[in-house]
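Chain nomenclature is as follows: A, B, C and D, assigned in order of appearance, with residue numbering initiated at 1 for each chain independently.
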Amino acid sequence: MVAVLYDTPDDALEGIEDGVRIMFGGFVTAGTPSNLIRALKRRGTRGINGMANNIGFGDLLDELCEDHQLAGMIATFAIRASSAKKSRFEDQYHRGEVTLELSPQGTFVERIRAGGAGLGGVLTRTGLGTPVAEGKQTIEVDGVTYLLETPLHADVALLKAQRADRLGNLEYRGAGRNFNPLMATAADLVIVEVEEIVEVGEIDPERVGTPAVFVDRIVQCAPVEVFTP
Amino acid sequence: MTSHAHPEGLPRELLALRVAQELRAGMVVNLGIGLPTLVPSHLPEGHSVLFQSENGILGLGGIREDGIFDRELINAGGQPVFLATGASFFDSATSFGMIRGGHVDVSVLGGLQVASNGDLANWMVPERGGGSMGGAMDLAVGARRLIVAMEHVTRDGTSRLMERCTYPLTAQACTNLVVTNLAVIAVEPSGFVLLEVAPGVTVEQVIAATNAPLTVAPDVHEMVL
Amino acid sequence: MTSHAHPEGLPRELLALRVAQELRAGMVVNLGIGLPTLVPSHLPEGHSVLFQSENGILGLGGIREDGIFDRELINAGGQPVFLATGASFFDSATSFGMIRGGHVDVSVLGGLQVASNGDLANWMVPERGGGSMGGAMDLAVGARRLIVAMEHVTRDGTSRLMERCTYPLTAQACTNLVVTNLAVIAVEPSGFVLLEVAPGVTVEQVIAATNAPLTVAPDVHEMVL
Amino acid sequence: MVAVLYDTPDDALEGIEDGVRIMFGGFVTAGTPSNLIRALKRRGTRGINGMANNIGFGDLLDELCEDHQLAGMIATFAIRASSAKKSRFEDQYHRGEVTLELSPQGTFVERIRAGGAGLGGVLTRTGLGTPVAEGKQTIEVDGVTYLLETPLHADVALLKAQRADRLGNLEYRGAGRNFNPLMATAADLVIVEVEEIVEVGEIDPERVGTPAVFVDRIVQCAPVEVFTP
């Protein structure tokens, strides 16, 4: 299906309701959908179950905690082991107001990929013998034990790419790829903010990072200024 | 034990230099957040170590300190970086396929605790709760050789090298070498083996600062920095 | 039964045209090797169907017949092709993630046998042995809607539509619609439902050529080609 | 490690011995290492256990059957269900001279990916209820049954890309990607033929399809002329 263009990030979120499961692309500042996150804050959607690599670490996701919009997060980086700096999310976590499921980063991205690729799970040695393995099934393959990690799906993915064409093909830049191309496959509704929208045919077929089939909505906006952590 | 019981040993920059000495031309190396990010500046000019950054870069250059910030060109710690010639970008699934699949020669991670069986704990302080493993668990499991770079003792003087970790593990039996401010210690099937001591630090001081049996290598010597 | 017992029905080109009528603007469609590759030429000029080719192309154009052969620009049958505007290339893991993950709206496959429970067999003739499923099993399992396009009977007059397949399966209960030279037949939970007959073919002839119970839809009619 | 450049495809195969497991990149003519396959034929290596999408279908692999170099194949397309045309491989298969393990194409590529990415297997619904599932373990995840397919590894991968730089970064063109980027991760020794070798830095970091870390040997040669099937 051809992607639908929206004028503003706020418009692009139409129909998103309380209790939604949202995947957020990005790794710290790279590939982070900063305008869509700010629009989600303005929208006031609550009870969000989020999935993101990081929260409170150069992303804007921690701002969603200001008005208690998050019910929980699946993340790889959420609460610093050291450093005195505390995020709102950490405070709410310690008060039992939000849930947190930590997933090792390679497992996290592979679970998303499995969710998008119709695979039943991920067999990995990562996490064995650690709290990550608690309560999970293990499978033996050729005499080696693997942890079975289950696929991740979302209702909505909020992503960021450098450019899109009007069909929905996405071109990424630099380390802006990270989780975005995988999350684009694993959500029912994929909304992408881009710095530029071009005509169909202007993105080199060799440079398409996410084929149009995965993209539902696009909106053009300059990234929100953020501070490096 | 209080911190006054243990010598200062190396400052962080020299610890990073000692880690840098473990890297060889052509190696593919991933550096964890924190102290490990200091390593590249101690490599000789024109080195051919290829740095992998878990956020999707092979061929990471040095940290950019000219004030220009490109949000799409950062290392795993979120710092702006330069690219080395011959670099490439890829998504996180490819990045962790590279890591988990054994294509990274050396991973350098920070540590909270290392046990004499090679167990590493570096993602959670139980008193604080929550935690963040990022890519550390995959790196610990997948890298061909794991170097842990850390202070030998905590601020209150407790050893970070012990018989069994008390903190939640990052991975089991994964550590090959520990480089601290006091010593270079190999993790062998028999346990910790002391290879080198920091300048001005004695073998006895390292033994005293280590809460596990420590075999002293026959050719133990002072680090050459 | 011999082939003389059954009418000829549609030639291959018209069968492909009838399949083409199932495709709608904006759909993502994968076409199997053989008869399905004839489908695109029967779509109206300026159609916006996006063809997925399992060898790593989204936005496949028509088959190239000007004699120019680019070895890196072929369809899944190895034929040289044009690209549609807005096409993209990707590797086979991404391609089958797209297919298996349910991102392809319609898959059109050739068939050897289709059962009234939707089972499809299309990759092996037991008498010949070996076989080749290529991407057919993934397409049959993963596509949102599966259309099988095939001759209604074999050369010796045996029906390809039956109660249970006798050939090894491609996938279980995967077929949604069967388009043959004689008829258009839906696969419903109740079994085969005859929707349309080819011009000049009677309902009775389709029933006679089908080796399974066939419910005749109340509004059964001749194909509009 | 920096890739090593070889002058000829024959030289690039040095050290390959009888009984080797080889992955062959390519899909029919696209991304097929035609010069390396011809060199392997000239080398006369025997007892080869091959893995390739197709054999006898616009590739040159069937030529390896002329001198009985193949012991067996894992493939998705090997023996035509219809068509009178028979390959040498088919003849040898029927005479019991070569083994054949058919793998569905999406399963085949995912098994290779698992082999290269340190994953213990693939959980897929593809193949359930078919001969492909025979003798294999099934796993239930959230009430759905999946087939467990095991990872594939090889001693050697013979691949083709459009360009390489002297470090070993590969750039693919068009449908020449297919299995090549995955196989590059799953073999101990990765040998790649390319149409052009350029200096390090000449391939845009955004266009690298296989990062240099995966590539051991490269050789520059024009593709062998083949006929479309």
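The rule is simple: contacts are C-beta pairs under 8 Å (C-beta built on N, C-alpha and C of every residue); 3 or more make two chains touch, one makes a residue touch a chain.
Not measured: the values here are computed from a predicted model.
*Asks:* Starting from the defined contact criterion, work out which chains touch chain C and chain D both, please.
*Replies:* In this structure, the chains that contact chain D and also chain C are A.
*Asks:* Quick one: how many steps at least from chain B to chain D, stepping chain to touching chain?
*Replies:* Minimum step count, chain B to chain D: 1.
*Asks:* Using the touch rule from the top, work out which pair, A-C or A-B, shares more C-beta pairs.
*Replies:* A-B
*Asks:* From the centre of chain A, which other chain's Cα mean sits the farthest off?
*Replies:* Relative to chain A, the chain whose C-alpha centre sits farthest away is C.
*Asks:* For chain A versus chain C, what separation do you get between their C-alpha means, in angstrom?
*Replies:* Averaging C-alpha atoms per chain gives centres 37 Å apart.
*Asks:* Centroid of chain A to centroid of chain D, CA atoms only: how many Å?
*Replies:* 33
*Asks:* When the centre of a chain is set as the mean of its C-alpha atoms, what distance in Å lies between chain A and chain B?
*Replies:* 28
*Asks:* In whole angstrom, what separates the CA-based centres of chain B and chain C?
*Replies:* Using C-alpha averages as centres, the distance is 56 Å.
*Asks:* What parts of chain D, by residue number, touch at least two of the other chains?
*Replies:* 110, 113, 117-119, 124-125, 172-174, 205-206 - these are the residues of chain D that touch more than one other chain.
*Asks:* Indicate the residues of chain B shared as contacts by at least two other chains.
*Replies:* Counting only residues that touch two or more other chains, chain B contributes 89-90, 96, 100, 141-142.
*Asks:* Chain pairs in touch?
*Replies:* A-B, A-C, A-D, B-D, C-D
*Asks:* Taking the touch rule as given, give the residues of chain D at its contact with chain C in the complex, in rising order.
*Replies:* Touch residues, chain D against chain C: 27-32, 53-54, 57-58, 75-82, 90, 93-94, 100, 102, 104-107, 109-110, 113, 124-132, 162, 172-182, 209, 223, 226, 228-229.
*Asks:* Please give the residue numbers of chain A that touch chain D in the complex, ascending.
*Replies:* Chain A residues touching chain D: 110, 114, 117-125, 139, 141-142, 144, 146, 148, 150-151, 172-174, 205-207.
*Asks:* Which stretch or stretches of chain C touch chain D in the complex?
*Replies:* 53-57, 69-74, 76-80, 89-93, 96, 99-100, 112, 119, 122-125, 128-138, 141-142, 168-172
*Asks:* Which bits of chain D are touching chain B when the two form their complex?
*Replies:* On the chain D side, the touching residues are 1-2, 113, 116-119, 165, 167, 169, 185, 200-201, 205-206, 208, 211-214.
*Asks:* For the complex, give me every residue of chain C touching chain A.
*Replies:* 26-28, 48, 50, 52, 58-59, 83, 85-90, 96-98, 100-104, 141-142
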